[in-house]
Every structure is written in C-alpha cells, then in structure tokens.
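The structure follows.
All chains are identified by letter, namely A, B, C and D, in their written order; residue positions are counted from 1 within each chain.
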Amino acid sequence: MTDRMPKAIIDVADVKVSFGAVKALDGVSLAIMPGECVGLVGHNGAGKSTIVSVINGGLSPHQGTILGEGELIARFGINAARARGVRCVFQELSLCPNLTVLENTRILHRHLGGLGWRKRAKQVIERSLDTMFPGHGIASDRIVGDLSIAERQMVEIAMAFSDGGIPPRLIILDEPTSSLDASLAEQMLAHVLRFVASGGSVILISHILHEIITTASRIVVMKDGRIVAERPAEAWTENGLVEAMGSVVKGEAHRRAIRDLAEAPVVVEQIGHGIPFRAKRGEIVGLAGLAGHGQTDMLMKLHASSGADWLPRRDPAVTFVAGDRRLNGVFELWSILKNFSVASLGDLASRGVVNADAEVQRAGEWKQRIEIRTPNMANRMLSLSGGNQQKVLFARALATRAPVVLMDDPMRGVDVGTKQEVYEIIRQEAAHGRTFVWYSTEMEEVCLCDRVYVFREGAIVAELAGDAVTEENILASSFTGVAA
Amino acid sequence: MRMVDRISRAPWIWSWFAAFLVWFATIMVTGGASTLGLSQAALTFAAFSIIVGIGQMFVITLGPGNIDLSVPATMTLAGTVALKLMDVDNAMILPGLITAILIGIAVGITNYALIKALRIPPIIATLSMSFIVQSAAIWTNRGLRIKPPSFLADFTTSTTLGVPNVSLVALVISVIAWFLLEKTIYGRWISAIGQSTPAARMAGIPVDGIRFITYVFCAVLASLAGYLLACFSGGAALNMGTEYLLMSIAVVVLGGTAVAGGDSNVPGIWGASLFMFLVVSMLNTYGLGAGFRLIMTGLIIISVIMLAGGRQPGAR
Amino acid sequence: MRRTVSADAIRLAIPALSLAILLGAVFWLQPRAMSYIGLNLLFNLAVPIALATIAQMLIMSVNDLDLAMGTFVSFVACVTATFLSEEPFFGVLILAGAVAVYAMLGVVIHLRNLPSIVVSLGMSFVWAGLAVLLLPAPGGQAPEWVRTVMTMKPPVAPMAIVASVVIAVVAHFIVMRSSLGVLIRGVGGNQRSVERAGWSVLAARAAAYALAGVFAVLAGISLVGLTTSADANIALRYTLLSIAGVILGGGEFIGGRISPIGAVIGALTLTLAGSFLSFLRISPDWQIGAQGAILIIVLALRLLLNRLENRDKRR
Amino acid sequence: DTSDKKIALSNNYAGNSWRQAMLTSWDKVTGEAVKAGVVAAADAFTTAENQATEQAAQIQNMILQGYDAIVLNAASPTALNGAVKEACDAGIIVVSFDGVVSEPCAWRIAVDFKEMGRSQVEYLSKKLPEGGNLLEIRGLAGVFVDDEISAGIHEGVKQFPQFKIVGSVHGDWAQDVAQKAVAGILPSLPEIAGVVTQGGDGYGAAQAIAAAKRPMPVIVMGNREDELKWWKEQKDAKNYETMSVSIAPGVSTLAFWVAQQILDGKEVKKDLVVPFLRIDQDNLEQNLAKTQAGGVANVEYTQADAIKVIEGAK
C-alpha cells in the first residue's frame, strides 16, 4: 500500500482468446500505466482489436487475469471497465447512424439522463470536439448517418475523450486516424499528448507508423496473437517496425516461377481513379494495401459488371469467394453439400432438375481434394469449423467453370496446412488458364501473385510485378502511398 | 429411437400432430361414426388453402418482408372472369382455365413491377394491387353468380375412390411444388435468396429474375385456386377470397416454413390446412362460438411458433 | 455556424409536401372544406389512425412489425364502450393488462428471437376473439368524458387539427427528445453499440412495445369517442393503414429511422386521400381500386423525391 | 320541388351479389329520376373495406360536398352515430335502410330481422309438425344483422319447442363459406330436419349436405338466384318443398324516394317498416323468372310505392 510506484490502470496477464482454431490471442500480457501512451502495431489479424475488446470488457478471455489498480477484478465486463474510466474508439464505426451526435453521446454516457439532458450532452460533446478539433464545424444536432466518414470518426474520438460524469482515464484508439486527413490527425494526436501529459493513458493502434513513433511513449508489436517486441518509442524506426511486424519466415519457398504472360489476353478490366485495373488469362493478380482501402469494392464492381440479375447464365464470367462468410458466403440453413454446389448447379442439372448423384459425386471429389473435415457432406454447414466452412466456399467457386475467380480475403481462419493445399490448387488452376483476382491481408499470400495492385483510399496507387512483389515494397506503398 | 428423434425435429410435425389431435377430438363426439365424412370434408376444403398456401410459401421463402396480400383479390378476379367467360358451357373449360392463369400472370407481373421499379415494400405493393384487382372483379360482372360448366361442377364436387377430386388436384400441385423446391435449380435458388440475398447474388444467382418468377407463380396459384373454388361452390362471389388472406399466411407459418425465409415445407402446409379446417369444425361441434374459436386459433399459432422455436440468433 | 439540411428534415419534407398537394387538390375540388368545420370533418377520423400509426412506428423503431394493430385497437374500442364506461375501474385494469401483454410480447420476441410477424399474427386472432366475446353485436356506449374530449370545439383550430398537433408533439417528445426514445431508436439503429454502452436491449424493446400498447389504447379510446360505440371489427383496417402511414411519413422498416411527426402526417395523408377520392366522384366500381392507385402514386412520389434528394447530395 | 336537391348513397360493402343488386337498382331508378329532373343528383359511394370508420369518414365527406340527403346502408347500427349526428346538425336528411342506425335524428327503413328469423321456424313448424333437429347458419360474427336474425330464430325455437338447434356455424352470408362450415360440422351431427339461414348461404348448405350424401332437410332459402334455381330443380325432381325469405335489395330505391319525399317537405315518421320479400312453393317459378341470372330476387320501388309506405305508417 505504501508502494510509491504508480499502479497500472489495467493489467492483463497471459490472456488467451481463440475463435475456433484461430488463436487470436496466445498469451498476451500488457500493463498500461497512468500517463503513458502505448502504441500497438501488427499486421492485419495480429490480434490487436481482440486485446482491445478484452481490456474494454467486451470479451472475456478464455484464460488469463485482469487487474485494475493492482487488484484482481473477478467480474470484469463492460460496466466494470466503464466505471474505471476505460473508453474505446472501435475500429469499425460504432455509433448509431440514425441518431444525432448528441443522442449518441447520451447513449454512451449512461449517467447523463434527467431533465435537460440534451443541454448537458451538447455541452459535453461540444466541449470535447472544440478542444480536440478546433473549428470542426460539426453541429451536435446532426444525424450521424449524414456525416462524412471523417466527421463520424471525429465525433467518435471526441466522444471517447468527453467527460459525462465518469472522467476518462484510459482511452483505447483502434485505428482512429484511418479516415482523418493529416491536419485532423495532427490535432487529434496533439490532444492525445496533452491528455497523456495530464496523467491519462492511451492505447493507440495505427498502421501509420510515424504517428505511432511520434505519439506513443512505448511501442508494442504484435504478431499472430503474441507480443513479439516491446521498446520505448525512441528506440524504434519505421523500418524497424515494419521488419518486426513482417513474417520472420519469408514465403520464398512458395514463390511461384515467374511466367511470361505478356501474350495472354486481358480478361477483366476496371478503370477508375488511379491506376487502371487489368487481369490477364491465367494470371494471379493480388490486391494489397491496408484493410478497407477499396479492395473489396473493386471485387464487388468486377462481380457486378459481369453478373446477371434477371436471367440465369449458362457460362458465368466470374465467380466469387467470400471473405465475410456470414454476410455473403454461407447459406446457414443448408447442408455442406448444397452450400458447395449452389454456384455450379447449371453443370449438375439437366433441364433444370438437379442430378443428385452427380452432385454428391462432385462434392465427394472436392471434399477429398481440399480435405473438408466432416464425416458427411449432408451435415449442416454450421457444424463445420470456420476454416472448413471457408474451404467449402473455395470449393464452391473452383468447381464452377467461370474463367475468373474473385477472392475477397478468403483465407480468414484457414489453418496453415490447408492454406498450402489451396495455394497449390490455385497455382494449378492458373496454369490451366484461370485468372485469380485475390485480395488478401496476408503478406505471404500477396507475395504469391504474379502482379499486385496496392490500394490506398479507394484507388490503386502502385502496381508491382514479378520480383518487385515483395513485402517491403508493398508495406512501403501502402503506408506512404500517395499522401492525401 | 433415432427415427423418433428425427421426426420430432421435423418442422412439419407440429401441424400434423395438431391436426390429428383435433380430428380425433372431433370424431370422438360421435364415437367415430363421423370419421369418413369428416375426413372427406377436411380433405376437400383444405385443398383450397393448400393451393394458395403453396404460392404464399414460395413468396415467404424469398426472405423477410416478402409477402403477397393480393391473393384473395386475385382468386376473386380469376374466378369471376373465368366463370363469366365459360358461361356454363363445357366447351369453354379450357379457355376459362387459360384466362384464369393469364390473370394470375398479369397480377404477378404488376406486383413485382411495383416492388422492383417503384421500390414499394411488398406488403404495401401487393395490398394496393389487391384493391385494384378487387375493383376489376366488381367491374367485370358486378357480383353476379354465374354457374360453372356442369362438367367442372361435377368434377370439383365429386370423389375418386373416396378421395375428393379437389384434394387430388392439390396433391398434384403439392407434388409439383415439392419437386420444384427439392429437386430443381429454381428451388435451390429461392431457398438461397431467402437465406441471404447478398450471398445469393455473389453465388451468381439471378436474384431479380427468380423473385419475379416467384411472385408470378404465387399469383397463378391464387388464380387457379379461385377458378377451382368458384366451380366448387357453384359460382364466383366477390368476397370469395376474403378468408384466404390470413389463411394463406397462417398455413405457411404453422406448416413449419421459416418466416425469415429460405426454408419451405410442403407437407407442413397439408398438416396446417387440415388443422385450420378441423379446428373450426371441432369448435363448432363442441358448440363454441366465434370468439373462443378465434382465441384458440391465435393461441395455437403462438404455441406452434414457440415450440418450433425462432430462427437461430443472428437472423430475424 | 454552418447548418445543413439534415436527411431527417428532407425525409419530413416529402410527406409534408404530399399532404400539402393533396390538401390543395381537396380545397380546389371542394372549397367548403376550407373552414373550421370543414377541416374538422376532413380530419377528425384521422386522430385514432394517427395514434395507431405512432404505435406501429414504435414497434417498427426496434425493427419489428405488428400485424395485430387493427384487432388490438378494435379490442380496446370494445373495452372502452363496455367496461370503461360502465365499470371504469375494471376498464382501466383491463387496458393496463393489455399494455402489459404488449410489453411481454416484446420480451418474448427478444428472448426467444421469434419473428414479430408471426407472434403478432397469432395475437391478432386472440384480440379479435376477445373483442367478439365482449361485443357479439355492435353496441356499447362511449364514456361521457371521452365523447366530450373528442367533440370539443377549441377556438382558432378545430379539434382534429389540435389533437393531431398534440399527438405529433407528444410523440415527438417521447420518441425523439427523451432518453428512452433515444435508447429505443438506438436499438433499431445499432443494437451492438447500445449493448456496448452497457444498456439492456431487452428492457428497451419491452419499453418500446409497452409504449406502443399505450398509444394503441389511446387510439381505441379516441375512436370510440368519435363513433360513440364500438364493434368487434371496427378498426381492422388500422393494421395496414398504420404501416402505410409510417412508411408514407418517411419511416423505414429497419434501422430505427422513424419520424413521429412524419407518421402523423402520413396518417392525415391517408385519410385525406380517401376524401379526395370521394370528391372525385369515381364510379362505384372503381372506388376501391382508386384507393390502391392513390397509395401507389403517393409512394411513387416518395421514390421520386428521394431520387431528387440523392441527386442533390451527390452534387 | 326537389329538382335542385342532391342525394348521396353511402354504402359500406359491395362484396356480394345482394349489395351489387342493390347498387344496380339504385343506379337504374335514380338514373331515371335524375333524367326526369326529380332530383339534381343521386351519387353512389362505396367504401373499400366494410368498416364503420371508413364509412364515417365517407359520411363526413358527403357533408362537405353539400348533399341535401344521405341514404345510408350502415356498417354498424351505432358506430356511425357520431357522423350521422354531424350530418343532421348540418341540416342533412339521413335515411338509413337495411343496415339501419340508431341515431334518433335519422330515418330508418327497417326490416324486422328478428321476425324474419322467427318466421322461418314458424314455417318449419307447419311443414314438420313433429319437429326435429335444426342446423343454424349465421352471418358474419360481430355484425348487427347476424345477431338480430339469430335472436329471432332462437325466439322461434322457444315458441316451437319441438325443434332443437343441434349445430350452429358462421357462413358469413357467402355460399362458399357456408358450404365449408356446414361440411365441417355435418359429420358429427345427428339427422337434420331443417336448416335455418340468413340468406346467401342456403345453396352452400345444400351442396355440403349433398356431398355428404345425407337426406336433404328443409333448407330455408334467401332469395338468391342460385338458391331458387336449386330449389326449382329439387321441386321438379322430388317435389322438394321449402320457402325463401330475405330483404329485397331494391329497398335502396325505396329509401331514395323516402328521402326525396322528406326533402319535398312531407311529414314522414322516423321509423318505417318494409316487409321482407318472401317466396313460397307456389310463386317460386314466377319469382325465379323475374330474377336476373346470378342475382337476387328483387323489388324496385316507385315514388308512388314510397308515398304509400309513408301514408301507411301514419
């Protein structure tokens, strides 16, 4: 008790979280002291957002302990965290889009109620906005859905820093600047420094490395659910960080032989801002860059431009492998078999009647080919583990006759062994003349491509081909890109 | 044991179970003497609910928000126009049938045009449409009850080997519907659309085309039911579809079809249609009035949905 | 200070414009309507519809739908014309019980994750049955005070207008201005974010249903105030009318995007559409069809105006 | 002189042949009256959904449109009283018929529905003196006419206790609904001697009974053409005997003339009674011949008829 060392606001020790076979956190320990800003970096899927959810109380770890001010907290949850002044700005925007700014403030601050709460909420949020983003021009009675993405992000950040009864003590910012331009980001980071100087704590997650280096007092690097490096900010350089984040074992072994595709015809094309997109027959084209910078939109556009909404097509031009399984991949009520065959029913039917034997046989072949781990393809799709569900979606697309396969980060949750098998299949199919357009957040995968387009802010900012497809080049283009 | 387990989880079992209970409770009043009569009557009248219910089921299978409220008006228009056209002449049976079907097609096309082109939610689009169709029915013959051609009248009211002919028609339609749903690409596609429209689009399914066909199919079945019902009851009446609005929805829901879409169930429609007829008969037989009858019906619908359970979390 | 017109304001402008156009047409067809009495005659039956529309809107604000609105209002009307006027104590008790049933439906639907459409379809039979039991034949008597309130002749504006404004203001206050309203709409907009802030979504949904029950009860009572008596089928059409009213008023089926003022305007528009048609003197054969046509036209107008709005936005 | 007066018909429902016949009669008779310059206009209005609230709004619109009289077939005897009162207050003559309203300021051309029900049992008591089991087919639950006719029937059964009602179903005044309801209850019923009805349901009952291959009881008919035709067939084949009773749809024209007379300044009692239209074994053919195919046996009224009815009530 007489200890003069300040105690950590939140101290998580040896935390483990897994989603199915994916070990999102594999023994992470992290203590946040008052008056420090911890920078958290790592590749997509490293586990950053997951540790945030643990600290925020939204996710109970499967293993590990959580201490607050040095004391073990038995029932740590959202309300316990909030009572300790823990606030969070989530990576995906999490305001209610149908409510106004000050109504969202009301939702966030549970104790703001009572007569005249609007006035108080208005004061709370406007004071915070004014201090953080002077001249922001956001009226607090605007509907959040009407705001631009940047304005929404500003509101969320300002809301996290606002004081609606319980003063904020630890603020977690998960990629807060991803939609802010340079000057707004500057304003925000300056406020973070002021907040930290006055004794508050911040966890800052960002892919923009110089922000981290200039703002954080300590930088933690995560990789595959573990903390792999941790040093004071002054001890880091941007290159050092990129190296620490990158894969230790490079994917060289899997690099495919460089093929000459100069003669091959262009099979898909999409011209927008930035560098035009083209893919040739038999080519594997990678879409890289930070998550959410327009890669999925590009895939959707490619799909829509050749899709048919009214009449069935015998020979589909493209097929699609979803990454967001829940949203646009899996048919939950169906068996694995039906999920597999839905895109190639035309080939498995005569006069519109599905040939059940052919369907079972085709499914059997693919079950073997990519090892879908189930005793029976007639089992429900949801009985499969996530990785196996993803394999089914893969098989669904590959089993069609479409010459172009669009892939939306399709390896989420797929284990290493399977990945290697799928890579091999992709290589074979490409050799037979199939074209793959592959968006991936995994560097290793991007490096498997013949050619790579790097995206930033909705446009293609770089094109890398052959030997130029390296992790360093891709990271460099995605971080530096063309500044806004 | 596994068999029992599997059957008890089949979504249609509840409606069959309920239908059986009610049937049993009714025939017990006469010590079993009414068995044949009641069964025949139930099969006869369930047939019409089955036919419209199957159409409604296809639409509901398309997913949340999809529903066709124009079913009753379509029945009425098809019945009145066809009977007027046939004008008691046996030679006109086929033209009458074709006219009824064409009316169904026209209503279905207009329904989907309103939904797609004007972005009107299906519930309101088909309601508005039903007013227009109902007016058209009034305008065509002002409520005169023209008798059906004698052949049709006999056919619809008689039995074959003790089974009512209309229920045989319903059986044929059910088998076709079951075949469409279970065996054909079309069936797979509507189920896919109902489970997740974005996923269906990404899987290359022609979503708009299929939705369009489905609304047309529903309207055609409604017009067919109208044609048969008008012949069966000795003439079309302007209000003959009225009770089939809630009925068509209720038999679908009770039959175990998922209201959230994607999962349809033909046997369940039979169970539910028989049940809906039998429960009224039972309550009438026991001398219960309209009030109790309605309350019981509502409570049973809610119990069935509670027992069968909602969809797994995440879907609504 | 920079002020832009919000999407909500535009959303409100569309129904208001439809109403204004329709009102203009009615005045042109029937100048007599442009008076104290005229306006009252045009709009007094819109008052219960407006209340039912608000009730439906509350259900829709949490992404549900109530197919039992019409039978419930009929049931309330029967209770009002019988118990509430003869044995007010029991009448109030029954109505309070009915509101509690609504809250419970919200709880059950949330806990068991049931489709609201089916549950309310089942409830529609139950309410209808109860109504028939209460009033096997039309009749009953409106309580004196209800009759007095509904036939009041306030200065300046007729009761129908005053009541509509009061309903709109009160509903606006509850749904748009109060903390509870914010919470309910938050559930419709982004349930996760409400949960993350530590609220109980279950309680919010139950509250939305209970509030809807209260407004529906008021709809039934005010209806009997106008008609002086009730019957078991008196308000069946309120189910679809209330849904159409919410949509016309700029509300949406999902996403918690609703507008109480818009809903009241939607209810007034629907009522006025009926009058407009009867002033047009359409042949009786097509009078029913014209109601469908006018619904389609007004909704198509909404689409057109939405398009214009989007074009403006893109500019 | 009423040549500058405008009369409106407010009708709540158009969904059955009876109502359509009523509208047709109105059209025919008032059309001639307008042409002859007796009145300036006689417009018909029908609501879409058979609901009192909708009809109340319709009446309010008629007030605004400046009609001098409203002829009313009401969805509810009481739920329109508010609107009717407003019309009276605006100086408008309101004449209700068939579905009459209880508001005292309105005129009522009523059919004694109770008597209509009672008379059915009385007829049966003559036809079947030894009595027997009866099946009752009712109308639409919750509606006034249904309750009245049914009450009359039960009164009749009390009066002639040799009869016993062994089953009761709602046929909603529609052949197909009646057919369905009867078919459902029939198997569990003992032998039926007679079927008492409300009109528009007799043919449906006959079909259900025939389908069940039961002996045909005496079914009281309701003047619909299909009912009369079936009766005629049975009469010719097996000398089947029954009677048929209902209100004539043309009573709308009587209401029209009464309204015209009131507008003309005649003193008219608030409550007028029209006899129901009854068809018996001997005048079946005669009535059938007069009835439009698919329609309802009808009587249209002239101005002279109306004056006679008014005088008779004094």
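We take it that a contact is a pair of C-beta atoms (placed from the backbone, for glycine too) under 8 Å apart; a residue touches a chain by one contact, two chains touch by 3 or more.
Predicted, not measured: the structure shown is a model, and the values here were computed from it.
J.: Using the touch definition up top, find the fewest steps from subunit A to subunit D.
T.: Each step joins two touching chains, and the minimum needed here is 2.
J.: Between subunit C and subunit D, what's the gap in Å when you average each chain's C-alpha atoms?
T.: 35
J.: Could you state the distance in Å from the CA-based centre of subunit B to that of subunit C?
T.: Taking the mean C-alpha position of each chain, the two centres sit 30 Å apart.
J.: Find the geometric centre of each of subunit A and subunit C from their Cα atoms only, then give the gap between the two centres in Å, rounded to an integer.
T.: The answer is 43 Å.
J.: Multi-chain contacts in subunit C: which residues touch at least two other chains?
T.: Subunit C, residues with two or more chain partners: 131-132, 136, 287-288, 291.
J.: Using the touch definition from the top, which residues of subunit A touch two or more other chains?
T.: Answer for subunit A, listing residues that touch two or more other chains: there are none.
J.: Taking each residue of subunit D in turn, which ones touch at least two of the other chains?
T.: 14, 23, 48, 141-142
J.: May I ask you to sort the chain touch graph into line, ring, star, complete or other?
T.: Here the contact pattern is something else, fitting no line, ring, star or complete shape.
J.: Dump the list of chain pairs that touch, please.
T.: Every pair of chains in contact is listed here: A-B, A-C, B-C, B-D, C-D.
J.: Which part of subunit C faces subunit D closely enough to touch in the complex?
T.: Subunit C residues touching subunit D: 30, 32-33, 37-38, 41-42, 44-45, 48, 131-132, 135-140, 151, 223, 226-237, 271, 274-275, 278-279, 281, 284, 287-288, 291.
J.: Which part of subunit B faces subunit A closely enough to touch in the complex?
T.: That would be residues 183-186, 188-189, 191-192, 195-196, 198-209, 212, 258, 262-263, 312, 314-315 of subunit B.
J.: Taking the complex as given, what residues does subunit C use to touch subunit A?
T.: 1-4, 6-8, 177, 179, 182-183, 185-186, 188-190, 192-199, 255-257
J.: Enumerate the contact residues on subunit C facing subunit B in the complex.
T.: That would be residues 63, 108, 112-115, 117-119, 121-133, 136, 240, 243-244, 247, 253, 285-293, 295-296, 299-300, 303 of subunit C.
J.: Can you tell me which positions in subunit B touch subunit D when the two form their complex?
T.: For this pair, the touching residues of subunit B are 26-27, 29-30, 33-38, 40-42, 44-45, 131, 134, 138, 141-147, 157, 229, 232-235, 237-240, 242-243, 277-278, 280-281, 284-285, 287, 289-291.
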